[in-house]
Amino acid sequence: MKKTFLNRDLIQRLGFSMISLVALFTVVPIVGVMIYIILQGAPAISWEFLTAMPRDGMRAGGIWPAIVGTFYLTVGTAVFSVPLGIAAAIYLSEYASENWLTRTIRIAIISLAGIPSVVYGLFGLGLFVLFLQFGTSILAASLTLSIMTLPVIISASEEALRSVPQAFRTVSISLGGTRWQTIRRIVLPQALPGIITGVILGLERAAGETAPILFTGAAFFLPRLPGSPLDATMALPYHLFVISTQVPEMPFQIQYGTALVLIIFVLGMNLVATVIRSRARAKRQW
Amino acid sequence: MLAREHMEKSKNFREYAITRLIRVSGYSAIVFVALIFFFLLREGIPALAEVDLGTLFSTRWYPIEGLYGILPLITGSLIVTVGAMLVAVPFGIGTAVFMSEIAPRWLREVLKPLVELLGGLPSVVLGFLGILLLSPYLRVLLDLPTGLTALAGAILLGGIAVPTIVSIAEDALDAVPTSYREGAWALGATRWQTIWRVTLPAARSGILTAVMLGIGRTIGETMTVMMVTGNAPVLAVHLNSLFSPVRTMTATIAAEMGEVASGSNHYHVLFFIGMVLFLISLAVNLSAAAIVFRSKKRAERVLS
Amino acid sequence: MVENKIVIEDLSLSYTDGTESLHEISLNIPVNAISVLFGPAGGGKSSLLRCLNRLNDLADVRTVAGRILLDGVDILDPATDVIALRRRVGMVFARPVVLPLSIRGNLTYGLELAGEKRRSRLDEAAERGLKLAALWDEVKERLDDPAIALSGGQQQRLCLARVLAQQPEVILLDEPTSGLDPISTSKVEGALQELKREYTIVLVPHSVQQAARTADYAAFFLQGGLIEYGVDKELFTHPKKQRTEDYVEGRFG
């Protein structure tokens, strides 16, 4: 009897150590790699690196056009996906009843979320670049990225809207509010922090993506900044791809510097989203 | 009175217009899925007319000579995905179990954002690290002619799938009622036995969903594989293929679409591959959703 | 001759989950009086209340039959302007739900929705509502504070004031004192006695005692049916039906 207890104890200890080790092996490389990129990339970052045009076949100079391009693409994506995504979330949370149509919408959202990013690229090429003749442009790339981010924004916004207590809606309606007035004045303001968090997380994904813009809007190298939404643009993730695979004898420092700037851009957005979420949770009255 | 009536009317119209707009937006997801499918069909189906099936399902991908055999690309995707899952499933589920069942609260609060950090890294950054750090290391360690292999891709894609698996599996473990665990403890089970015989089985459908979605992410991943797998479209049917360069369906599209003339055979075949990818992702994601749906139904039946 | 504000004729209601909530109810609600609807939980009182301002539209109602006449006009008619109806027939709920706005914002909410923009009118309405609900003295200094900061009893009176600020004709109250302490409860009941001079009040009380204290007219509901109706306190002193007597005397609840 005593022996089995000992055995069980031993097995438990072994098991726990094994699982802890697995978790350790998962987390340590993440931390290690982050520190490594920061250490390697930080020396490259200077005012000139951030604000100058690339020189010498991108082997020297800065990454300004790529930063601007990623900014344009992110804003462009937001312009299309944010209103559409929030409106779709409002529909699902406030208007839709449980029927086959709603189920179809949910299936469609799940499907959109799972489509490979490069397939979005193909679709953008087929529809926006060629069929609608937007050409390889910021417009075409932004539209492509918008559709890709849509499921993220819809799901997060719907969750935020649904978390607003039902009683607020009932009271507002009982005071003579219409459905839209109730949404506009009570539900949306209360759900806003959650919606913003979801929007930023969606846009963060768009900002870091390369495959969807490969054939819809990304330019290998541009000697000047894009002048209109119909111009192609450089972008940070694509630029990192280019300088780490397509340009021979590329200085490591510039590569790591570019990677670091991209990470800061993307994770900075993530941080903002996290801060908004935790602040709103602390302030929430219900 | 007239002014008031006028106001009511314009308000009614606004309400009507906004409701319509919201409704249409609600349907947009369906429209986009249909549009995507339509354009993939429109550009991909001609491939079946231009390239005969024997060539399409042959083992040589060499577009310059009109050889469009997609089997090497499919096996390439397959071997990288299987390899990635061999990495991601144990590490992902292990980490989820650690976070949900073993780690103290504070440690969990530290680990969660770190894993999310990995999930937030752009895939191009992982590809970049693969080229500069992982593949040279693998080359030396395994004494290979090049480190840019299916293995490098599998390891990195495993890393990409880990955050997906951890977050969904952890949710599933959290959702197991505490009373189940307490019941097992009351019967004299150790914590380890409880995890192994009670908690994990109770969360199995959630964990299965996590793995499915991990697979979905892996098959669709593009930039990382394109950068680190060496891009050699050779048939990968042997375990040794893990240690040689391969090329996936996604990487092929990404690498070649930029250089083909639109409307050419090559262009249509690339769209055809996109269509195959679309259908695979649809199948994977919808079956994952079906698992969730079924287990929800079962839970409702048990609880009511 | 009593003047009836609302006349309910053969009202039946069932929900989509198959439960029948009301069965052929006919009842008159007299003007300028407190009509009390009481009985055990699940008897259909709340459902009836929610029919009177069509709040039932939000629930999963399968069928509604019969008529509800408000000043002689059937409000169940599909052509009814429900928004206007809900302004005329205000509702106070069991749990005080203040909207996530300031105290003032809660009070002026309904009027602003109706398109009232004039500051003076809004302030006037807010003050009137608060005074009628006996809350003015307690909050007049801090109208712009978040309403959530008020105590439970104050919140419930704010909910009453919010309805009153719209100057409705009928006030529906669904167990308005269920979560309140005795002092807050008596404040609310006192306010109701004042209010009945100008308004028609329909109250679902949270106890038989409250029903007996407040009723000018009382109706006893059991399992979706109207069992007995009486003027003043007669239902509580001389019930005609055995089931009413059993309930009033606490033999079942």
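Per-chain numbering from 1; labels A, B and C assigned in written order.
Note that a contact is a pair of C-beta atoms (placed from the backbone, for glycine too) under 8 Å apart; a residue touches a chain by one contact, two chains touch by 3 or more.
Note that this is a predicted model, so its numbers are computed, not measured.
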Of all chains, the one whose CA centroid lies most distant from that of chain B is C
Considering A-C alongside A-B, which chain pair is linked by more C-beta pairs in contact? A-B
Distance in whole angstrom between the CA centres of chain B and chain C is 54
Distance between chain centroids, defined by C-alpha means - chain A, chain B (Å): 15
Taking the mean of the C-alpha atoms as each chain's centre, how many Å separate chain A from chain C? 49
The positions of chain A in contact with two or more other chains are 178, 181
In chain B, what residues contact two or more other chains? 11
Give every residue of chain C touching chain A within the complex, in rising order. 53, 55, 58, 83-84, 86-87, 90-91, 93, 95, 97, 99-100, 109-110, 113-114, 146, 148, 159, 162-163, 166
Report the residues of chain A in contact with chain B in the complex, numbered from low to high. 8-9, 11-12, 15-16, 18-20, 22-23, 25-27, 29-31, 33-34, 36-37, 83-84, 87-88, 90-92, 94-96, 104-105, 107-123, 125-127, 130-131, 147, 150-151, 154, 178-181, 204, 207-211, 214-215, 237-238, 240-241, 244-245, 252, 255, 259, 262-263, 266-267, 270, 274
Interface residues, chain A side, partner chain C - complex: 165, 167-178, 181, 185-186, 189-190, 285-286
Contact footprint of chain A on chain B as seen in their complex: 11, 14-15, 18-19, 21-23, 25-30, 32-33, 35-36, 39-40, 42-43, 90-92, 94-95, 97-99, 102-103, 111, 113-118, 120-125, 127-129, 131-133, 159, 162, 166, 190-193, 195-196, 213, 216, 219-223, 227, 250, 253-254, 257-258, 262, 270-271, 274, 277-278, 281-282, 284-286, 289
